[in-house]
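I have a structure here, written as structure tokens, and I will follow up with some questions on it.
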């Protein structure tokens, strides 16, 4: 990736991602958080475009920006109380958490600094979806099925959890 | 079949969220005027609905005490402004009953024709606005188109389209104009086809039915206990139409049926009106057939001074039982006038009907009650 | 031939269509179901004709398959395997199932869940057909379990009855014991041979040298058929399975479920044959079951229960035949048995309908006058099962006994012969009690409608002639279905005459006891003349159910009690000691348990980071960190 | 301009910064839903890495992309169940403050 | 002859630029801008026309005349409307979240405009022929949900909030049957590329092979653009105007136009997916391909309007159960039937 | 059942699409008004006998007629109607014994300024001043 | 004009109600016995006055008369029940328990005439909550605007 456009795009998108992420963490309003989160997701999706993962980028937009944000919105709307605005934003482990974060950054930064990558010169094939589809249904079929089952279980689990149990409900014999 | 009670049970157990209060009105597209419903909502489910009226209160009962009996007639127009003829009729009949005035045959027939025309016009508005409230705008225009024809006729008789002030004690203010009869006959031929069109566009529509069937169910016991009247009462299956039950004027001479509903839901209340319009057409056709010649005004004194006493008289208005209660102290002005306004009393049921239904159903239920704010607030 | 896959698919589709779409419309559902089965039968008939064109198929079956699962080291094909065995089974299953379904039209009329019943029947048929046609053991296992599930649903069809629910559960759980063995056997085969394709296994197993291992596998394998085919000691579910509607019983007993075990043994005979001790086991289990069940059947009172034990006994015969190494004989009996047993079950159903579900044979009598078709067809079935020539049973049973004797199992031969006598006795006991003798005035029987009797007549026809294709003089059967090389049969006259005599003797004995002097027998029974305790033992099925219950209650409970004592005194002692220590330690450590999620997460991450930092400086990739220089 | 060229290093650093931000939020935000969102950020950081390595190291194999798909799947499931749990807790406790969730049983 | 008029124009422009010595990149950028401007012009012109058409058709359906005063036959009515709305104040109530409130009506256009990039307007006239065109449509399309929520939530009005929550729930639910219905087309085509979808319809249009899918797509798309009978989001008789309640002036006009943009968009996709895109029916190629596209587009838009002015509004819970209990199973069944049918037909050798 | 009603609805609207429209293009076209139309009032000044019956009949006290006594005979010198309060009930027209007060067909009574709203059928001074002042009469307000 | 049947039946029902007076075309009763009378009228199988069609009151200067108009849907009878209450103590028991339809009518009567119906919540219905006075009383004067 040496084209000036790609380099420029990378830095632009990186800035957008990090700015949006910081706004997510720092926003006081939960709805603002969700909206920044959506911005962040979309920026990440454009990063995927930059990385020639067009299918993944669209999946990112559809699943994260389209579905996860919406679920978050529902969560926020279902649990919002008027007194939320007054309470403190952060808990009392701010300092320790800062330390952890700094160490994480230092560690990864240090490791990356010393790393040498084996960069392949090959390009990503044009029809990514055909390759991914084929792989998903052949080599990765079992994880694929497991993921499907996971989603189903999550779906049912979420319904069961979120649905209030009737206090006087008759249990089936 | 889901009833409100089921929904009420259900709402106790579904996802519990914070309840919140929603003011529907006084400025709202579906409240038919300045009228407010304070809704307590759980999600979109109504926990409580409190009707707040009085935004249009003009004190007509008080005004009447300062007017002569004749001068009150124009004010009655302005209560249920969609069915002014019926309001006039109720008022003058009460006075006639009080004073024992004889009304000539022709006048009675003219009154019946006017009253039924007004009933159709009023029901057309009800049907049309109901269509709008359920979301289908087109039906409203068809209803208005046909109502215009009726209003043209009424204008021809009385000079006004809505606030007619046409009836007088002892008869009507003017005889029917010559060009009226052929036109009304033509219209009576056309109307059934128009009703069929509404049935096709509105009544028969599955979405409409899904929105209204088994929604806001009113059982006959509740309806009677809450003093509901008119199409609302009959939709619940209670056969009480004053034109049949206690015929006034010359209604006993006509052959017509009282349509009755089965479920007492919004759909029935809506359908009641279309069916009643069809019956009204029948009545008008018979009245035109039998319209006698003769004077249009009976022997009534110039200055109306009813004897001391009180009188309560009811007629079947477009929205239900329209009653006038007059107290006379022998002077030319009424000592006390009270009007039993069907919209007002029917509206008292709103809170009961709405509870447990969805926000969108409030509109459906309110529309099916069919109120006129001028009448509610009087 | 190439479209054999349609045979299982059609009923499966019919199941899907009925349960998803046409549940509301009863007769449409039934028509779809029957249509699917009948068209399956037509295809199966063509297949059978096709198979007959190729005599060598039994040793080199045709396999049409697709890749089903493909994983490294594990490839499974799904497909169909066609040889005379499976072709015969397809033909037989579709025929019997079609007839039973048609019969059900009458039998199930007015029942609740009419459509559902047909849907289940379809699925049952589909599973069985897939089982029969499977080219792969995994596929076969899937169908095997499908059969199990369907039988569960059908036995429990009257799920408002507690007994039906219990019976369904019992059937499911009992066969499950066997299936566990089968599954283990299957997995071992996959582990050992790396394939589950039957054709491949047939090549590989006979060459396999590790006999003890193979014995284990084969025994495990055999557990499945024991459970499914109701062999001793896992036969207990079968009689209870009579709780289902009669057509279901007929289907289970004649065509599908129970013969699945036999079919599996037959299909895998190349494996069993390579381990003679297991063959012995098969033969003995079969033989023992045969006489064991027959002896119980003598005393039973309910018409369907008698038939149930008869089935167990007959399946035992088939196992015996297979166990002594004669694929041909075992399957010939399966073939004939399917017809006459289906016939008898349907006949019993007809009787039940006529008598409004009064099942006790002692309360019947003289039905032949009121239900002539049912009675006549039933008698044909009785003659067939008793081994009276020229009815079907004679030939097949004769073959088995012949094979047993030929292979030198004299004891088993004696057992088999005696069983033949018992069979004739108890079947004719039933027939005499039901159809002959005095009429019971309380009964008002009526002949069943045509839709029920026509299947009976067709089955009666088959019961009569089905055996004729395997006579020593015209042995079509053996030429196509045999194990190893084909040996043309020789007519063993003494045996044939002996068989016939035994059967006739049984019938005569039954006549003596139950037709001629029925009242006397009743009196005798009342005085417990008939062996007294022996009668009780037999009537209570050797108290096996009670034994199992007792085992459950006393043994398991007893062990549990021991465990409990151990638990209370030994384990608790230790635990309490530890607990006291833990409490003390916990008192000290509880400060760290804040209950706050993020607190834990923080600590958790600190730990991860500690490890990370440690690795970064000292681990194998320590040079990576900041280039390893600083 | 090879010095400016984008290499996996840039992506790893970007991802670690994103991860750190998410981690910070997850450790410190009081609101449970906010924590859930921060966890999503962390998962996204991981995905960036996966795809970047897939692009740079094995562009023809798609292993990284497929792995990312599974991560996304798991994330979606996690959000669904997580929100359901939070809503359920909220219903009982009328709070989504994680500091209030310090009891061990209802 | 007219078929290639736009392409020729592009080539001509490109040639002109090359002649003027513009570098290739600049050339491409300029061409891209021209394409964008072209698409925008297309949208705007059609918007104007559709707004007029909707009001006019509504009038005709309702035995009225409709707008006929501004311009010939009232054609410039939309201009007059916009002029009026521009001159009106955008009222910002006190409690609103200002930034988001003002951002939402602008952002609502973004997904729709982005999506026009993959609409095949005519033979060779697709701005960007993505490999994942159809998937792109759904992925980007799902973004507008968030914008609806933004507008409704920021208004700090209960009607708006109810409306926006309804919008979110409805659009999420109806996206699923929409995607599933298109799956049938994708299966037949074997590609997600718009051009291949059209190319695969040269023999027979997908509406004939996938009639159920078309109906599902149509129903779901009506719901996606929040029009009657699925306009519970606006539901003027219940929740006044839903998310748009607090908007006035040009801000409202943006919402209003976005709705019509979306109508054009979903109809354009329906044309592409089911009606053979720009392909001429019966080989009537005497009209240019883009004319056919526009004709079919307007056929579908007319259908949208016809339905809108005929049906009442469905209730919100009925809407959800219709989506989940009717459309989703139906579309799933359609996928299965399609798969089975393809298997059978391939087996026959089609 | 399902779908039939929907199809019928579509059929009806499609039919209406092609039927003639009922709209009247107002300023250019006008609907015919009936003879009895209650429009703007007209007063036949000559016929009016200034009896004041109309004023008494009015329920809303809209009419103010200014009378002047000339030779023991009332002469109308002014006739004002606070038309914004008028109910257009027609009681005044009915009360007029001479048929002087009439309705006209003019219904376009909207105006831009509030002061133009009251209807002046006879302004003071319209009548020849001599008629009134010469008689030396004094203005009498009705209702006094 | 009372129906004969009603007129005949009324004294039977009113045996225990000394304040009951059967007049030419109406019935009057004391306020303490009003609910009992209405309940008896509603529940009596021979009369079955199940429908309260109208409820209003008149300020008669010295007293306020509250009037109930009842209808029997089953037999078609009508009945007017009047109840005089003193003007300075305008209390009367609410009949909402017997006829729910009285709910809004009682509120209206309270609103306009100041009759206090006991045993229920009363709130103004047509006038706004801060309104002073009861406009339908004869001594009410309206200040401001055209009347």
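Per-chain residue numbering starts at 1, and chain names A, B, C, D, E, F and G are given in the order in which the chains are listed.
Basically, a contact is a pair of C-beta atoms (placed from the backbone, for glycine too) under 8 Å apart; a residue touches a chain by one contact, two chains touch by 3 or more.
Remember, predicted model here, so these are calculated numbers, not experimental data.
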Reaching subunit E from subunit D through chains that touch each other, fewest steps = 2
Query = Going only through chains that touch each other, what is the minimum step count from subunit B to subunit F?
reply = 1
Note = A student comparing B-E to A-C should find more C-beta pairs in contact for B-E
Note = Greatest Cα-centre separation from subunit C belongs to chain F
Task = Farthest from subunit D by Cα centre, which chain is it? Let me know.
result = F
Key: Centroid distance [mean C-alpha coordinates] between subunit G and subunit C, Å   = 83
Ask   = Roughly how many whole angstrom separate the Cα centroids of subunit B and subunit D?
value = 63
Query = For subunit A and subunit E, what's the span in angstrom between their mean Cα positions?
reply = 28
Ask   = Whole-Å distance, subunit A centre to subunit F centre, using C-alpha means?
value = 74
Inquiry  = Can you pull out the residues of subunit E that are in contact with at least two other chains?
reply    = 61-64, 309-311
Per-residue multi-chain contacts in subunit B, two or more chains = 15-16, 138, 142, 145, 201, 205, 207-208
Request  = Send over the residues of subunit G in touch with two or more other chains.
outcome  = none
Remark   = The answer for subunit F against subunit B in the complex is residues 1-6, 8-9, 11-13, 16, 22, 31, 33-38, 57-60, 87-91, 94, 103
Remark   = Per the touch rule above, subunit B residues touching subunit F in the complex are 67, 70-75, 77-78, 138, 142, 145, 148, 152, 155-160, 163, 165, 173-174, 177, 197, 200-201, 204-209
Key: Interface residues, subunit B side, partner subunit G - complex   = 53-54, 57, 59, 61-63, 66, 222, 224-229, 238, 240, 245-246, 310, 312, 314, 321, 323, 325, 327, 335-336, 338, 340, 344-345, 347-348, 377-378
Task = Within their complex, state which residues of subunit A touch subunit D.
result = 1-2, 4, 6-7, 10, 14, 17-18, 21-22, 24-25, 30, 33-34, 37, 40-41, 44, 47-48, 51-53, 55-56, 59-60, 63-64, 67-68, 71-72, 74-76, 78-79, 81, 84, 87-91, 93-94, 96-98, 100-101, 104-105, 108-109, 112-113, 115, 117-120, 122-125, 128, 131-132, 135-136, 140, 143, 147, 150-151, 153-155, 157-162, 164
Key: subunit E contact footprint on subunit B (complex, rising order)   = 20, 22, 28-30, 44, 131-139, 141-142, 145, 201-202, 205, 207-208, 210-211, 358-363
